[in-house]
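Below you'll find a set of structures to go through.
Each of the next two complexes has chain A plus one more chain, namely chain B in the first and chain C in the second.
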Partner chain A sequence: MNDIKFSRRSLVKAAALAGVAQVASPFVLTARAADNVKIGLDNPLTGTYAAVGKNELIGCQLAIEQINAKGGILGRKAELLVEDSTSGDAGTAVQKARKLIDRDKIDFLLGNVNSALALAMAGVAAEKGVLHIVPGGHTDAITGATCHWNVFRVCNTTQMEANAVTPSLIKNAGKKWYYITPDYAFGHTLQAGLEKACAKNGGTKVGGDLTPLGTTDFSSYLIKAQAANPDVIIFLTQGDDMVNALKQAVQFGLDKKVHLAGAQQELEALEGLPPEARIGTWVFEWYWNQPGVPHVAEFVAEIKKKTGRVPTARTWFGFASTWTCALAANGAKSLKAVDMAKHLQDFHLPPEIALMPDGAFYRKGQNQLIPNLYVGHAQAKGSAPDDLFKVTDVVKGPDAAGTLEESGCKMTWPA
Partner chain B sequence: MGSNDLQKQAPNIVVWVLLLALPLWLPYVGGYMELGSRVVVLALAAMALNFLLGYTGVLSFGHAAYFGLGAYGAGMTIRYLVPSTGVGLLVGTLVGAVAGAIIGPMIIRLRGVYFAMVTIAFAQVFYFIAFRWNSVTGGDDGLTGWTRLPIHLGFTTIDILHNPVAFYFLVLAVFAVAVGVMAWLLRSPFGRTLIAIRENERRARFLGIPVDQHIWISWTISCAVVSVAGALYALLNNFVDPRALYWTQSGDFVIMAVLGGMRSFWGPLIGAAIFVVLQDYLSSQTENWMSFVGLFFVLVVMFFPRGILGIIRRKVAS
Partner chain C sequence: MTQVVLFNVFNGLIVGAFYALMALGLSLIMNLSGVINFAHGGFLAIGGYLAFTLMPYVGFWGGLVLAPILTAVLGLIVERVLVRRLYGRDPLYSLLLTFGLAFMFEDGTRFIWGAQSLPYQVPGWLLSPLSSDYFFLTGYRLFMVVIVALAVAGLFYILNRTRLGMRIRAGTLDLETVSVLGVNVRVLRNMNFGLGIYLAGLAGVLAVGQLGLQPTIGSSLIMPSFVAIIVGGLGSLPGTLLGGLLIGVASGVTTVFFPSATEAVMYVMMAAVLLVRPRGLLGEEGRF
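Let's turn to the complex of A and B:
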C-alpha cells in the first residue's frame, strides 16, 4: 500500500466494525459483582415452555427482592442470573448450566421445566457439586432412580399427582377407567402411575389408547373409549393435544355421559382452553385462591402488582425454589453445597414460603418437596376472571408421596 | 518450503495455533472451556457435512441421524456394556458409520431436493425409534445414569470428567485425526474425483467414473465423521436425548456449513464458532435471540453466498 486514503467503502466498513465492537464488548467485559451470592436460573424462555418458564422466572424475581429486603444471603446481596435453556435442546441447557457454574461462579443452580433438560442439568450439577433445585420438571427419576445428594425438587413427581387424584375419582366417579395417553415417555409413566394407584384403590382399567404426539383428530379414540363403557376417561395429553382432545370430547357430548379427568393441570393451560372445554377433574400443584390460608393473599397481591395477573403454580415453584436457596444457606451458615444439602433434609418451608394449609418439607433421603396437592375441577367461570379451577379436596402430601423405597432413590453422599 | 507454500499453509497454521492455545485466551474474552469443546465438536459435524455438501455437491438434511446414532452408541455402550470412554467413542463411530453405509445404497441414486428429502425421512425414522423405545433409550427423558470416564493409559490416568481442559484436548485430538483424514482424502485422486462430480456430474460419468459408488463412499465417510462428532457430543453433555437426532439439528449443521463457507475446508469451523458463540451470547441478552441468529444467516446468504471465509478469501486474493 503506497498511500492511505479513505474510500467510502472502507468508511462504511469501519463504521460497521465499530458497531459490532459495541455489541461485542459486553461479551468481553462480563465481570459481575464478586461479593454477591449468585443464583443461576437455566430455564426455557423460548419455545413450547416459554409461558411457564417465564412464570417461574417471575416467582424467582419476587423471591430475590424479598430475600434482599430481609438481609440477603449470609449478609450478602442475592443476585439472579438468567439463561435461556430453550424448551428442548439438552445440549444448550447443559452448556448454559456449565456457563453459569464455571464462568459466572454461581452458588445455586435452578431449572428446568422440561424433564429431560432437568435430568441433564442434574447430571452437570452432580458432576460439579453445586446445589441444584428443580422448580418444575416432573419426571419421577429426578428424585427417584437417578437422584443425587445435591439435587432437590419443588414440583411433584408424576406418581404423586396420580396418587392424589385417584381416591376422589374412584369415590365420586367410578371404578372403570379408560386412558387416552400421549405416546412417549411422559405419558407412559403417568399412565403406569395412575394404573397402579387405581388398582390400589379397587379400580380397573377397561381400555386405553396411545395417541401419537401432535394428534389433531381424536374422534376415533373417543368413539372407542365410549364403546368400552367406562366410568372415567383419563386424558393425559398435554398442550395442544389436550385442547383438541377436550374440545372434541365436549362436541361428542361425552362430558354429559362419562366423567372426564386427568392428572396434572395448570392455570396456563386452562387459560388457553375455550370456556366450554374447561371441564374435568384434575390436580393442581398450587392454587392462588386459597381462602383462609395465611400469607397467600399477600403473595397473590405482590405478583399481581408486578405482572397484573394472578400467580400460577409455576410462579410459586420459582418463588419457593429461590427462597429454598436463601433458607439453606442462612440455616447452614455456609455456602458449601454439602452443608446446605444436609440442612435441607426434612426441612420444613416456613408458612410464608410454603403458602399451603399443611406446609411443605423436603423429604430426607429423596430431596423431594412433599407439599399439599389440590384436587378439583376446571370451571368455565369462577368468582374472578382468573378463577378457572374449583378446589374440592386438598390432599396431604405424605398421603400422596408413597414411601421412600417406592421412589427408588438410593442416595450416596460424598465422602 | 517456498513462500507460496507458506501462504497456502498460513490458514492451517493460524487455525491450529488458535485451537491449541484456546485454554489460554478463551477466558479473557468471556468464554469458558466447555464452550470451546462445543465449538470443536459441532465444527467437526459441520465439516463432515461439508465433505459431502461442499466437496461432493450433495446436500444431506439428515446428518443428525448419524450424529445421534454416534451419541447414543457412545452413551449406551458406557451405560450398558463397557464402562470406558474410548470404547464408547469407537462403538459410537462404528454404529453411525455402519448405518450410513447401509442406508447409502438406497439413496445415492437420488439427486438434489429428492436426496435431501429422503435423508430427512431416514433421520426421522431413527428419531422416532429413540423417542419411543423408552426402556432402552430413555425415550423423551433422554439417556441418563452414565458419565464419561477417566482415560487409563497404563502409565497415567487422565481425568476428563472433572478437568474441562483435559477433555478439551481429548476432543481436539479426535478432531485433529478426523479432520486430518478428511483433508488427506480430499488431496488424494479420490478427493479430486469428488470435486469433478460436484462440478459436472454428467461429464464425470462420461469419463467413466463410477459416480454412484463415489457418492456412496463420500456419504459413508461423512456419516462416519459426523458420528464421531456425535459420540464426542454425548461425552460433552454426559447425556443424550432424541433431539440430537431431530431434523432441526441437521438444519443447524447445514446453517453452520453455509454460514462459514462451504467451498472452503475451514469454513464450517468458522460457521460453527459463529453459530455457537452467537447463540451462547445473544441468548443471555435477549429471549428473541433466535430472530437475530436468523437475521444474521439471511444477511450472510444474501450478501456473502460463499460464507464468512469466502469473503476473507476474496479480500486476501484482491
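Let's turn to the complex of A and C:
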C-alpha cells in the first residue's frame, strides 16, 4: 500500500512540476516574447549623460505603456529592451547595438544621446537595414552628409538650434562672440553652425576654445575668454560640463560683464545649478510649460505621476521616438524597415505626440523631424519650482531648418 | 598676452592646490599600506553628497566639518571590512578591490541621489570676485586655498609632531620593525586610511562649491591626483604637494596656447617624468 501511496504522490508532484514547467519554462517564455514587437534602446545610463539618458528612457517607457493600451504595434505587444551604451565609448554602443539586432532580433533601434555614438550606431543600423531613430544626438551629419534611408532623428540638428537662437542673440546681446566648445562631433558642428548663422546676421567670432569632454575646471578658459573682450560668451558644453562651466562663470562675475549664452540648454542642467547661475539666452527643444497647447498638460501630468518631476525635452525625445516606431509600423501595416521608412516621409506626428503649437513632421528626403524651437532665457525662479526657463520666442521649424540641399543629405534607397 | 599667461599661472596654483589636497590623501594611504586606492574619487563624491544632504540641517559650515568626518568613518569601515584582508598580498588585489569599489560608489550615489546634478549652494558672500580685474580670485577660491593650506599644515603637524604621525612615518619606512617594537600595526593602518579618506571627503565638500554635484565628479577628479603623485614622487608627501601645483599650472598655461590639450599635458608631464626620473621629482629610490 505504502508503495502505491508513494508513487501516487510522486505522480501528483511530477504533474504539478510539469504544470509549472509549462508556464515557466524558458522555451515557452521565448516563444511568447518572440510575438512581441521589440524596440531596443541603446543609450547612456552611466557617465556624463546618465541624467539625460534616463529621462529619455522614462519617455520611452510611457510611450510603450500608451502604445500597448491602444492595441500595440500591428496588434502585438510592444516591448522595450534597454542597454547602457555608456556616455562616451562608441565601441560599447556599437557592440550593444549589434547584440540587440543579432541576438534579441529587435524591430527598431533607438539611441544615442552622444552624437558620436549615434553616428556609429547609425552605421550599424544602415548595414543591418533596421529602422533606427535617434532621439537626442544633435550632430548635423546624422540627417546630413551621412544620412541613411532608415535613420530618423527627433531632436534638432545643431544648425537648426544655431539658426533659431542667433537673431535674438545678435539683437539683444551683441555681435562679438567667443566660443567655449566641447571637443567632439556635437560641439564642432554646433560651433560651425553658429559661426555661419552669426556671420549671416552681421556678427563676428573673436575667439574660441575646444574643451575636452568631462572638463571640470573651466577657470583657465574663462580667463582667456574674458581677455578677448567679447559681447557674448557662447557655452556649447552639455550635461555636467555645462553645470561646471556656468557655475564657475557666475562665480567669476562674468555674467555682470558680458552676456552668457549658448544654443542648446536643458532643464536637467538648469536644475543642477544654484539659482544665481540660472542665467543666459538659450534654445530649448521642448518645454513643459506651454499654456494653451493641446495635450501638453496631460503628458506633463502622466510623467509627473511616474517620476514626481516634470518632463524635460529629453523625456519628450524618448516619447516621440518610441511613438514614431508604432506609428510607422501601424501606418505602413508592416514591420519591414523600407515600408516603414517610406511611410514616415513627410509624416506629421499627431498633436498628442508632437505636443507643440505648430506640430512636427519628418522632412522627406532627410528623415529629420522639423519641430518648433523655443528661444528664451533661464530664470532663477518661475511660476513653479520646475519653471526655470522663460520662453520669449517660439521659432517655426521650417524657418530654422534651412533647405534640404543645405542639409547635405543625399539619400539612396535600397533597390 | 602676458597678462593672460600670468593670470593662468596664478589660477593654476589655485587649481593645483586642490589637486594636491586629493593627492595627499591618496599618497598617505599608498605610502603606509601599499594600497592604490582607486576608490578615492568615490569617497570624494560621497563627501560632497553628504555635505549637500546635511546642509539643510547644519548649514554650509556644519557640512564642511561633519561631511569629511562621516566620510572618514565610512573609510574606517571599508578598511576594517575589506581592504585589511588584502595587506601583504600583491598590490594588484587591493587595486582591483578599490577599482570595483569606485564603480560601486559611483552607481551607489547615482542610486541614492539620482543621476542629475544637484544644486549645492555656498554662502553668497563667498561667491563674488574680490576685484574686477582679478576676477578669478573669488572669495570661495581663496577660501579653498586657505582650507587646503590649513589641512596640509595640520597633516604635516600630525605626521611630524604627534605619536600617531611618528608611527605612520616610521611604518612607511619599515613596517615590520615598527610592528616588532610593539605598535599595533592594524590600528595604525586603520587610522592612516581614515586620515586619507578624511582628506578625500574634505576635497569633495570643497569641490562641489564650484563644480556640479554629480555622480561622476569623483572619477573625473581622480586622474589628476594620480598624476600629481607620480610627478611629485612616490613616497614623498611634499613631492605630492609639488606635483599637484605643477600640473595645475601646466594645464592652466596650456589653455593659452593649445586649449584642447589641457588634459593631455598632464599625461605628457607624467610620461616625461617617468622617462627622465622614474622615481618622481622628490620621490625616494626603490619604492614600488
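Heads up, the rule we're going with is that the second predicted complex is superposed on the first by the 343 of 415 C-alpha atoms of A that agree within 3 Å, B and C clash if a C-alpha of one lies under 4 Å from a C-alpha of the other, contacts with A are read in each partner's own complex, and residues count from 1 in each chain.
The criterion applied here is as follows: a residue touches a chain if its C-beta (ideal position, glycine included) is under 8 Å from a C-beta of that chain, and two chains touch if they have at least 3 such contacts.
Nothing here was measured: the structure is a model prediction, and the numbers come from that model.
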First (chain B), second (chain C), both or neither touched by A:Asp183: both
Touching partner for A:Thr46 - first (chain B), second (chain C), both, neither: both
Touching partner for A:Ser220 - first (chain B), second (chain C), both, neither: second
Partner chain in contact with A:Val206 - chain B first, chain C second, else both or neither: neither
Contacts of A:Lys99 with chain B and chain C, given as first, second, both or neither: first
Which superposed partner A:Ala297 touches (first chain B, second chain C, both, neither): neither
First (chain B), second (chain C), both or neither touched by A:Gly253: second
First, second, both or neither for A:Leu273, with chain B first and chain C second: second
Which of chain B and chain C A:Leu335 touches, first, second, both or neither: neither
Overlapping contact positions on chain A, where the chain C interface meets the chain B interface: 46, 50, 183
Residue ranges of chain A touching chain B (in the complex, touch as defined): 26-30, 45-46, 50, 82-84, 86, 88-92, 94-96, 98-99, 102-103, 115-116, 119-120, 123-124, 127, 139, 141, 145-146, 183-186, 188
Chain A contact footprint on chain B (complex, rising order): 28-35, 38, 131-132, 134, 138-142, 144-145, 147, 161-162, 164, 233, 236-241, 243-244, 279-281, 283-285, 287-290
Touching residues on chain A, where the partner in the complex is chain C: 46-48, 50-51, 53-54, 183, 209-212, 214-217, 219-224, 226-227, 240, 243-244, 247-248, 250-254, 257, 268-269, 271-276
Of all residues in chain C, those that touch chain A in their complex: 3-4, 7-8, 11-12, 14-15, 106-107, 110, 114-121, 124, 127-129, 132, 135-136, 138, 140-141, 207, 210-217, 220-221, 251-252, 255-256, 259-260, 262-264
